[in-house]
Structure formats: structure tokens, C-alpha cells
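There are structures below to look over.
Two complexes are shown next, each including chain A; its partner changes from chain B in the first to chain C in the second.
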Partner chain A sequence: MTANKRVYNLFITWIIVFSIIPFVLILILSFFDGHGRFTVDNYIKVFDPLYLKLILSSVVNATIITVACSVLIIPLTYLITLQRKSSLWLTLFLIPTWVNLLLKVYAFLGILGSDGIINQIITSFGGQPVDFLFDIKGFIIVTVYIYMPFMMLPLYNTIIKIPKNVIKAAKDLGASETQVFFKVVLPLCKNAIASGVTLVFIPSLSIFMISRLVTGNKVMTLGTAIEQQFLVTGDWNLGSAIAIVLIAIMLIFNFVVQGSSNWQIRRREYEK
Partner chain B sequence: MKSKITLSLAFVFLYAPLVYLMVFSFNSADSMSSFESFTLEHYGNLFNNTGLLQIVANSIVVGILSAILAVIFGTLGAVAIYQLKNPKKNYQLRQLNNIMILAPDVVIGVAFLSLFTMFGIKLGLISVVLTHAVFCTPIIVIMLLPRLEQIEVSQIKAALDLGAKAKDIVRIILIPNIEDAMIISFFTSIFYSFDDFGVTFFVTGNGFVTLPIEIYSQARRGINLELNALSTIMFLIILFAVIVHQIWISRGGRNA
Partner chain C sequence: MKVIELKNIDVRFDDELIIKDFNISFDQGKFYTLLGPSGCGKTTILNTIAGFVTPEKGEIILHNENVIDLPASERRVNTVFQDYSLFPHLNVAENVGFGLRLKNMEAKSIDNKVKEMLSLVELSGFDKKRVDELSGGQKQRVAIARALAMDPEVLLLDEPLSALDYKLRQSMQYMLKQIQQELNITFIFVTHDQEEALVLSDFIYVLKDGEIMQAGIAKDIYDEPENEFVANFIGQSNIIDAIMLDDYKVEFLNHRFDCVDSGFGSNTRAKVVIRPEDFKINRDDQQLQVTVVSSLFKGQQFELICDTISGEQLLVHTTIQIEEGAEISLSLDAADIHVINDSE
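== the complex of A and B ==
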């Protein structure tokens, strides 16, 4: 089977050169200083109070964003699956994900601005104008808006496959609509929630253009910090160390999220 | 009925920012806060802006070139995974393929910036095309694999019985069976390339600009209603593509 081998070799070479070496380079860079000497100083710097605070606030913000998206999107997706033309509804909710992210962020510069429509509404009711831009509020609103539809697809694909008689059985036994949602639907889509949450959490941790455009870098994410080290300060070694920390947080997050959903499956098998 | 109202409200909130953006593209005053009177001036400026048209052309060239590369390597990857019978190795290769999908944009961006600098590749068209091809390839692999797995094994067995060699199997059975999926993945790849900002930002260098990079630098300078006009046009193109796609799906369903 020589042709098989050749296809395999070509593909594995492509992967090694373009998917493995670049990340190994980042790992190596993170252990050197500007003069090419081996050092762990970059990591000591990443864990000093200044950067530790940045990492913590970035994780906290990403958590708030992820929770907000889940609370909005999980019930909404369930409602969509109940509709007769559910796939049409799904398409309608997914179309905005095709619009370029920067244009959506730009729209919010107008909407949330000091004389934008939201503040016009607030002041017309006699309220004080709110500073959404250059503030954490703006960052969270815009990020939730942009990433929330991404959560919908895995959830939809799972909920739509739940057999109708499972839900009917629950109702026959006297469950209310809310009980059906919390006790039947939610437990059955644990895995989908896990992947949906990942689709929101990781980008909100690493996104840099939203905080740059909306908050003028007043709100920093891990992504903003990396971008700044590479393109503004020019300290690639420190930037690489932050990138490695970002990857580490991602892996821990995946481990926890996937672990908890797998645990559920394992327990269910055990109970059989 | 209550659920329809909730869904409709959610729909309105989701589309409101886009509608807001498009409405103000017809505003004669240069602001996104108060609407003065209707004008098509910003559309005129947009089409007379030769710099911008050049940038759109750049994006299209990058999209097509990277999609060609991505379809080639994506097909290779899908065939490689499909033919790898050892379950453990198969799983590992799938995981390796997933690296680029799971990695955050910023990390891919700085990793490629380091790679190109290290190997002395000048930042510009070539670096952008390569980078886009790399992050589109795994998506294409994932699009093509299920199609390969649908092929009847008896077809392959029959060909082997008739004396076909491994490379004939790929050429005569595998590729013709996934041709239509390859065409779709080609356009998907162009879309991802055209849309990407997070990775491209790090590998464009100074001279070379793609459309998202240009939108970013314009948006940083503040409100510019030419951007609103551009949004309207891009939204209409997307809407058109979605409608064509829906019609295509419903026809495909009937044929199958």
C-alpha cells in the first residue's frame, strides 16, 4: 500500500511543519531572554502581582460572559427545537455569525457611545448617561452579543435528537414545562453544554480586538497582553510565556469541562 | 404562542445592531447617533475608493489561493485518516488535526509570526496565504471525513478484486465520491479566509492589507459611515449566499 503511505506522509509533514513546530517555537521562546540565554524570568514575571491580576480578571470576565451566554442561549435553543420550523429559526439565529466580527463591534461603537441610541433612551427617561465604552460593561455586552450564537449549534443538534416520547412521558407523569426543561432536557444535553461553553469561554479569554476597539485597552484580556508584547513592546519572550499560560488555562478548562460531562456518562453506565 | 413571542423578541435584539448599522449608512450627517436625511453619498465614496477596491481584491486573491492549498491538504488529510486502520493511530491523527481548530487566534497568530521570522519568510501575501491555508485545512478534513465514511466498502472491495491498486482506489472511488463536498469546502475555506482578522493581524506585515485589517484600522479612527455602507453590502451578500445554500440543501434533499 505505497500510495496510502505517501498520502499519510505528506499530511503528517504538513501537520508537523505548520501545526506543531510553530507552537514548539513559542514554548522555546518563552524560556529565553532577549539575548538568547536560557531563563525562567519570563514565567516569574507572568506570576508577579501585576500580571497575576490581569490573568485573574481575564478569567473572571470570561466566566461572566460564558454564564451570561448560557443563561440566554440554553432556554432559547430549547424553545427553537419546540417550533415546527425549527431549522429555519436556527438559520435565522445563526446568520449574524456570518457577519464579520469587526463590523459588529463597530456597530456597538455607535449604539453604546455617549450620544448613542441607548444613552438617548436613558436620558429621555431622565436618567444619567452611562459610560459603556471604555468600561467593562461595554466589553461584556459586546462579547456576549458576538459569541452567544456560537453556543446554539451544538445544543440544537443534541436537543433536537431527544425522543419526543421521553418528554411526553415526563409530562404524563405530571412534570410542568419548567420541570421538563430542568430535569429532562438539561441533563440530556450535558455534553453539548460542555462544547458550547468551550466555544464561548476560550475566545472571551483570548480576544484582543474587542477590548482594543470598545474599551481602548482599559479592559485587558490574556489576548490583549500577548498582542501588546508581540506588536507594541516587542518582548516576544514574555509574550510567548503569556501565550503558554493561556494554553495551560485552556487545557485545564477543557479537562474540567470534559471531565465533568464524561463523569456523568460513566455514572449513568454504572447505574445500568 | 408565548414561545413565539420570546423567540421573536430575541430575534429583534439579535438583528437590531445590524439594522442600526445599515440604517445609518444612508445618513447624510457624519454620525451614528442622529439621522439627518437620506443619502447614497457613502456608497458613492465606497465605490470611488480605489484603495479599498485594491484591498478587497487582495482578500479575494488570498481567499482563492489559500482555499486551493487547503482543499489539497484537507483532502490528503481526510484520505489519510480514512485509510488509517489502527484505531489508536487514527485517534492520534484526528487529535493532531484538531490542534488548529482548538488553538485561540492570538496564539496561532504569534506562533506563525515567530515561524515566518525564524525561517526568514517575508511577511506579506505569501505568509498570509500559508497561514490561512493552515487554519482552513483541518476544517476541510472534518467536512470531508464523514463523506468518505459513507462510501460503501463493497465498492472498494470490488475494485480491489478487479485488480485496482491503492492509488487507483483514491483516484477512481474516493475522490469522485466526495467531489461535491470538496467544492463546498473550497467556498467555506474562502469564507473563513475572507473573514479572519485575529490571526491575519499578526502575519500581514506593513505593506499588505486584507479587508478585515482595513476595517479594524478604520474603526479605530472612529465613526466612518463608509464602513456602514460596506456592512450593508456585505450583509446582503451573506443573505444571498444563505438563501442559495438553503435552496441547494432543499433540492439535494429531494434528489437523495
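== the complex of A and C ==
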């Protein structure tokens, strides 16, 4: 057996053990009831108004988080690439990803709490304290913060490769700094934005740790629902059905986003 | 009429003053070349005019107005870059119309202008092509059309042909010259290629270390180099130590020659510049005895390296075939001897 063949087999084994078998198990579970009888009841339950609302709110929350990340991170990343020591700046923004997720969320409990630093600032200016915790506001803020770097990395790698002369040419032809950003940089980032959006949107659908710690499960996501079915209610079959629906939403999203951006063409342009 | 003038320009990069008290001016409707080796400051000067480099001091006068504080986007000069720098997300017509759309021109007039420019650079019908489908020469023509669509007062060209192969470069040179004459606007062309400069330009500035070494029309730059640098940089030259005996009399290689230069004083050390093609072989007056040590066929001519009796080497171009080892005599016309100051 050649070395190549061995590596290939390793990959195949990996995929079978860690992706395909678990997926098939969940798929099988989702079509059985608690007594081991075949049924489609689990899926009928998933589409009753209670869970439908949950699916909808998960998608809406993930969309808000993704849009907020994009609006914040795309201009910020462009500004970073304009700096002389841009890779240092990038590292500074990425350092928080080295810290454990749970620690970061706990830190936010202190920052966003009713007597946390943000509310202290607000009240010192005579404002009313804001309830960030146990509320969607806190959930969005913390999630955007956690997922920001996933948006930044692909964008940085794309923007830094835009030839300086292309930017100069735009200015030469009369473009202001803002027009350079919207007419040149942003269109050239189409693919990076697509991967950034995918990296933020898909995991946002199934977050349950942040929603539990920050909102005390007041904000429910599909992730929360799956966790509850498996660990609280003990209904693994319904939990599996929800998981399958979640995977379906993710796949559809992925195809739509990747389809709208054409990797091949843009790649070729830079390789020349 | 002057269209653009730089006065007392200082440019500093990282604490180093690379252009110091620089003055240069360009007339309306002429083809200029800034010629020099890399690092001579020619691109910096171009970028200063374009607005990509901000000088520490000085004035840039564009049509009697100091534009030094105007950003690149507001100066009526446009640039053609060496690497084309087309917008990869736009097709040919969208590239050419980029600046016009920023001006909020009507779609109809943009269309017309784009068509006009594409036909000027002989790319009619390429409107809808993606830029990554174009060859290097076509890309550069799109870049030229894109810059000219803005109706600039001055077109700046930063080594636009250096990425193209020899044949293509020649046809592009011809096209550039034609376009310049047709539109009658000022072109400022930057290159390190002396042949390109001589072919294209109405007027050449030869630069070295941020200073103008010589300014003049192509023929004068070639025939009458004012110093050793220009003589060496433009074409091939023999530069020989000499003594200026008196006005119109010079001695070198142990021979006395008549020349056309004066004003150096008597018995002054100087140098003479002789182009290899100016030597005449086998004539009787003012003869120099030499031995041919190498003879190379170069297509249009033979290139001879000859040793003189005093041990100097001379480069001689001739259309006559001469074998290595032959002893020949060389002569020179007074007009072909150019005396320059001894710079050492």
C-alpha cells in the first residue's frame, strides 16, 4: 500500500466514523418512536407551531447576528489592511479567539450585568440602566463578539491581496475613499463575504451555551431545543428529527451562498 | 504653452530626501519621456504629478493653478499603470466607463464615450469581454482607454509596455504615438528603455538620482550627450580620456583631432564620447591604427572590439565584415567627436 493510499484511507475512515455513522444514527433515530417502532410523528411534531416558531426565530437571530457581524467587520477589516502593520492589527483582533469560549461568556456577564461597566457608564450620564442579560440584546452582542473573527479572517486574506495599483487606479479615475470601498473593495470581497457569512450564520443557528448563560434560555435556538430533547426530556427521537431539520437548513443555506459566488473565476484573476 | 510645471519639489520617503528642489515643466500637446535607470526617481515624479505622493514642499502648477493640495481623484491627470490594474470584477466596457460613472454621467453618454475610446485603442466589440480573457497587450489598451475616457489634460504612463514582449511593444509604441498626436494632449511616459524613449518622444528628460542629467529632443540626447552618464545610458559609447588643447582641437589616443566643441579652455582634461557607428574604416586622414580582437555578427551590423596601440579598447560598428585579428585604421569626422567635461 502506498503512502498516498494510506492517507486516503485514513481520511475515509475519519469521515465514516465521525461524520457518516453519527449522521446515519441520527437519521435512523428520527424515524422511530420511544418503543422502537417506525414513525414519521417526530417530523410532524417538528412542524407544529411551537417548533416552527423556534426554527423561525433561530433563523431570524442568526440573520441578525450575521448582518451585524458583516456591517461591523467588513469596513473594520478594510481599515486594518490599510495600516502599515496590518498583520499585527489582525493578530490583536484575533487574540480573543485564543481565550476559552466559556471564559469570554462569563466575562460578558460581568460587563453587561445590571451593575456592570456598561450600565455604570449609562447611569453616570443620567440614563436608565439597560437589561442586557436575560434578553435578546445581550445574546446578540455576545454572539457577534464571539463570531467576529470568523468573518474577519477570510476578508483580510482577500483584501490584502488586492493589488495596491487597483486601488490607486480607482482614485486616479476620481473615486473618493468611500467610493473605493463600495465600488472596488466590496465587489472584490464577494467570495470572502460568502465564506465569512457561512462561517457565522451556520453555527449561529445552533448556539445553546451562550443563550443559556446570557439569557437563561429566554432566547431559544434550535440548538437549545435539541439539547433539551436529549438531556432534559430524554426524547432522543424528536431531538434527532430537529437535528435533521437543522442540518437541512444549513445545507440549503450553504448551497445558496456558495452558488451565488463563483470561486473559480476570481481565483484565476489573482493567479495571473 | 505650459500645461504642467513642478517647482522646487522635495519628496521624502522614510527620512530620506529622494527628490530635492526639483523643477520640470511640460508643454501642451507633446510626448515627453522621463528616462532613467531604476531608482532614479522617475516614477516618484510621476506619482507626485498624479497625486499619489505628497511632496514635502514645492508647487505643482496645472494650468496656472497650484494643485498640490488636491487629492489624486480631483486632478485632471490620469495614469496608465505598468501592471494594467484593471478592475477584475468589471468587464471591458465597465472598466473603461468606471470614472465616467463616478461623475454621474448619463448612461447614454457613457456608452458613447466608451465606444469611442475602445475604437481609439482598436478594441471595438470587446465591450462585454471579461478582463481575464484578454491578452497583456489588450489589457494595457483597455487601461489606456480607461484613462483617456476621463479627458485628462495630461496622461501619465508608468512603464506601460515593459511587461509586453518585443514585437507587441513595438506595435503598442506606434499606437501610443498615434493616439497622442490624434488627441493632442500631453503624454508623460516613464521608462528605463532608451530605445523606447528615442522612438516615442518629442522631448526627453534623462534622470539620475532625482536630478535631470539632460533635457532635449531625442536626436540631441543621442548625438550630443552632455555628460558621461547620458553617453553611457543612451546607446553604446566609447568614452575616452582626452585633453582639450584649445577651442576646436582635442587630443586623445595619442592623436590630435579637429572637433566642433569650444569653451573648455586650453590644455584642459576632458573626455570624448564617440558612438561606435561613427568610426569610419580604412580612410587616410586622422588615422588610428587598431587590431580587431573580436568580431560579432549582430544582424544589422558587425560589432568589433578593437585594441589601440596604447592599449585602449574601442567598440566599433560596421556593415563590412572584418575578421578577428585584422589590422585596420579608423578615422573620425570632427562632428562625430563630442567633448564633455571630465567629471572625475
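As a convention for this text, the second predicted complex is superposed on the first by the 250 of 272 C-alpha atoms of A that agree within 3 Å, B and C clash if a C-alpha of one lies under 4 Å from a C-alpha of the other, contacts with A are read in each partner's own complex, and residues count from 1 in each chain.
Throughout what follows, contacts are C-beta pairs under 8 Å (C-beta built on N, C-alpha and C of every residue); 3 or more make two chains touch, one makes a residue touch a chain.
Computed from a predicted structure; not experimentally measured.
Peer 1: Using the superposition on chain A described above, determine whether A:36 touches chain B (first), chain C (second), both, or neither.
Peer 2: So A:36 meets neither chain B nor chain C here.
Peer 1: Which holds for A:95: it touches chain B only (first), chain C only (second), both, or neither?
Peer 2: First partner only.
Peer 1: Give one of first, second, both or neither to describe whether A:107 is in contact with chain B, with chain C, with both, or with none.
Peer 2: first
Peer 1: Which holds for A:126: it touches chain B only (first), chain C only (second), both, or neither?
Peer 2: neither
Peer 1: Between chain B and chain C, whom does A:49 touch in the aligned arrangement: first, second, both, or neither?
Peer 2: neither
Peer 1: If we overlay the two complexes on their shared chain A, which of chain B and chain C does A:166 touch? Say first, second, both or neither.
Peer 2: The second partner, chain C, only.
Peer 1: Count the residues of chain A touched by chain B and by chain C, then name the partner with the higher count.
Peer 2: Of chain B and chain C, the partner in contact with more residues of chain A is B.
Peer 1: Touching chain C in the complex: which residues of chain A?
Peer 2: That would be residues 163, 165-166, 168-176, 179, 183-184, 187-188, 190, 265-266, 268-270, 272 of chain A.
Peer 1: What residues on chain C touch chain A, complex-wise?
Peer 2: By the definition above, chain C touches chain A via 50-52, 71-74, 78-79, 81, 83, 85-89, 98-99, 102-103, 130-132, 143, 146-147, 150.
Peer 1: Which chain A residues qualify as touching chain B in the complex?
Peer 2: 1-4, 7-8, 10-12, 14-15, 18-23, 25-26, 29, 76, 79-80, 82-83, 89, 91-93, 95-96, 98-111, 113, 115-117, 120, 145, 149, 202-203, 205-209, 212-213, 222-223, 226-227, 230-231, 236, 239-240, 243, 246-247, 250
Peer 1: Applying the document's contact rule, which stretches of chain B touch chain A when the two form their complex?
Peer 2: 3-4, 6-7, 10-11, 14-15, 17-18, 20-21, 24, 31-34, 73, 76-77, 79-80, 83-84, 93, 96-97, 99-100, 102-108, 110-115, 118, 130, 134, 137, 165-167, 170, 191, 195, 197-198, 201-202, 212, 215-216, 219-220, 222-223, 227, 230-231, 234-235, 238-239, 241-242, 246
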